[in-house]
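Okay, so chain A shows up in both of these, paired with chain B first and chain C after.
Take a look at the complex of A and B:
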């Protein structure tokens, strides 16, 4: 486990050495803050609109950060040949990938803490109270990033970074495609195509489960059990993706 | 789209990001009408960004499908990882 932690630390240091990382975090913070000072939505729903827009900005920027850190993580190490001294050590490829995944999850988690810290601070200054339920959305954002990074890691072993980017983005949007729409489509296509659509929907990460924003914004209660369920779902799904990534990575001739 | 052995150049990233943004913008723009002070005001925004006009709804995962998915994933993880961890303990470090 100490090897995994060492690799995670190496990944964190690598992420912190990127200028683009700071630019994306700074842009996210500016936009989260900017939403509060934009006066466009003074239409009676301001509080909800501001929260909605801020949470959306955080969602988009956490996804951008995850992709920024994951897409090049393995291909660059292969290209720069820095992977060889690492793999020459008594270290399995599973430990290598787990360390990378852990490092990225920690960096994204720290960035999300910054985003949500600013959001809560601004909401406190504006409304005089901390909207604690919003932290539930922070957990969902982080879990989503973990699933997306695992998905991207799996693809980075198999395809080039541009293809990886396209496939991950497609999986992200299909994952957010509401079940209601899928059921609507299923009722209007032949059973064979329906089976394909249903299997694809079942196999792809169901990120819709992690989208609790609307429910939070309308103040509907969310059971703590639901958070346990989605955490289990996201971590188990990432586990399967990580296993597949290890499987293909071990077969890769390095 | 490849350059220097599959590495993404800044231009490619910008192009891809632009295409994704254009796609989202063309797909997701919608009109949201608010009643404020007796007058209607309309706001156009990306549907992915603003969903103020959505009705409150039950969480998508609050059905049996989530339980089913978790159960299947527990089984799949147990089956897959048992083999890999056992092999890792035996000291086989890749091919």
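Take a look at the complex of A and C:
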């Protein structure tokens, strides 16, 4: 485990050495603050609108950060051959991939903490209390980033970064496609096509389950058990993708 | 126990791209083994298989009796890649510390890193990011990172590449000093004079096949040409080509240099022409002569060699 942590720390330091990383984080913070103030001044006390827009901004920027850090993480190391002195050490390719994923998950987690920290602070200053349920959304955001990062990691050992970007974005949108619509489609197509849709539904990340924003905005209660379930789902799904990535990566000639 | 044992190693890319074909050799503990061959001969592929970066299509390789690529095998190797590229966002000393941590066996601390930098001629450069290093400095850093972990076997892919003549000489001395410390060295190089000077044994690769694998002395002895001396200005020497096509003739000096296998036909030809032969002497070839001769001969694994 110490090797995985070393690699994660290396990944974190590499992310922190990127100017683009700071630009994206800064832009995210500016937009979260900007949305908050713009809505306050123009629309008055429309807390729900403020929250909705701010959470959307955070969602977009956390996705952007995840893609920024994940898409090139392995291909660049292979292309630049900086991977050689690492993999020549007594560690497995599984440890290498896990360390990279862990590092990116922690960097994205820290960035999300900044975004949500700013949003909660602004809401506290405005409303005088911390909207604690938003922390549930923070967890969902982070889990979504972990899943997307695992998906992109798997693709990064199989396809080029541009293709990886396209496939990951498609998976992101399909993953957010409401389950009720999918079930509706399944009821109206031939069984063969239905099998394809069912398989895709099973293989693609079910990000819809991690999207609790609307429920939160309308103040509907969410059971703590639900958070346990989605956390287990995200970790299990990411674990399976990591396992597949390792299978392919082990066979890859560097 | 052999430091390296390769049996029937082969690597095919796609359906037809053969990078290595049935390559077998062994490297004894404590020896310096040089791997030479033209560009694309398969040297780097073979080294990458030993490191575990490339999976062999067939055959197997053992590092100190552990299958290549396993954790146990990697604990025994230090590796210098052919192209020295390292992350440029991190100070060189910290990067070396990171590699040392991954290697487990290196003693931690700044003093040890400083001593390693000093060993490769980079004293005081620990805090400089690698982006500010010249190509030669990068190569020296590459050697330093391969020494991290104090591994008993060093796999060095073109260690003198990118170095100026003085640095090449220093690198050669450093490699010899590492052997004195008990390390086994396996390296590829195009600098045949250095290979000849420091290697105990060499393997010659051509088009993915090992065409020779033997001690340097044995190779040079076997491959030595013979110099036939006749009277200066003997015109008959010029007509020797049909019986000894590879002969090098100096009519004015009365000397003919012929490969071993063409000596008898050459002598018979000259006697038939009535040439007075003053002497026949075996010349010691350079490794370059041997290499070029082997490569011209074409494939034929282990044609020459005391052991693979």
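The rule is simple: the second predicted complex is superposed on the first by the 247 of 254 C-alpha atoms of A that agree within 3 Å, B and C clash if a C-alpha of one lies under 4 Å from a C-alpha of the other, contacts with A are read in each partner's own complex, and residues count from 1 in each chain.
Simple rule for what comes next: a contact is a pair of C-beta atoms (placed from the backbone, for glycine too) under 8 Å apart; a residue touches a chain by one contact, two chains touch by 3 or more.
Predicted model, so just to flag it, every value in this text is computed and none were measured.
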Practice task
Return first, second, both or neither, reflecting whether A:206 touches chain B, chain C, both chains, or no partner chain.
Solution key: first
Exercise for the section: Report for A:218: first if it touches chain B alone, second if chain C alone, otherwise both or neither. Expected result: first
Practice task
Identify which of chain B and chain C touches the larger number of residues of chain A.
Solution key: B
Handout entry: Touched partner set for A:91, first chain B, second chain C, both or neither
Key = both
Exercise for the section: Figure out whether A:3 sits in contact with chain B (first) or chain C (second), or with both, or with neither. Expected result: second
Practice task
Using the touch definition from the top, say if A:71 reaches chain B (first), chain C (second), both or neither.
Solution key: first
Exercise for the section: With the two complexes superposed on chain A, say which partner A:53 touches: chain B (first), chain C (second), both, or neither. Expected result: first
Exercise for the section: Scan A:246 for contacts with chain B and chain C and give back first, second, both or neither. Expected result: first
Practice task
Check the residue A:227 against both partner chains and state whether it touches chain B (first), chain C (second), both, or neither.
Solution key: neither
Handout entry: Doubly contacted chain A residues - partners chain C and chain B
Key = 87, 90-92, 251
Exercise for the section: Spell out the part of chain B that touches chain A in their complex, as residue ranges. Expected result: 1-2, 4-8, 12, 16, 20, 34-36, 41, 43, 48-52, 54, 56-62, 65-67, 69-70, 73-74, 76-77, 80-81, 84, 88, 92-95
Handout entry: Contact set on chain A toward chain B in their complex
Key = 40-41, 43-45, 48-49, 52-53, 56-57, 71-72, 75-76, 79, 87, 90-95, 160-163, 165-166, 169, 178-179, 202, 206, 208-209, 211-215, 218, 220, 222, 226, 229-230, 232-233, 236-237, 239-240, 243, 246, 250-251
Problem - Residues of chain A that touch chain C when the two form their complex - result: 3, 6-7, 10, 13-14, 17, 80-82, 84-92, 251, 253-254
Completion exercise
The chain C residues in contact with chain A across the complex are 13, 48, 51-55, 71-72, 74-75, 77-79, 81, 83, 85-87, 89-90, 98-99, 101-104, 142, 145-146, 149
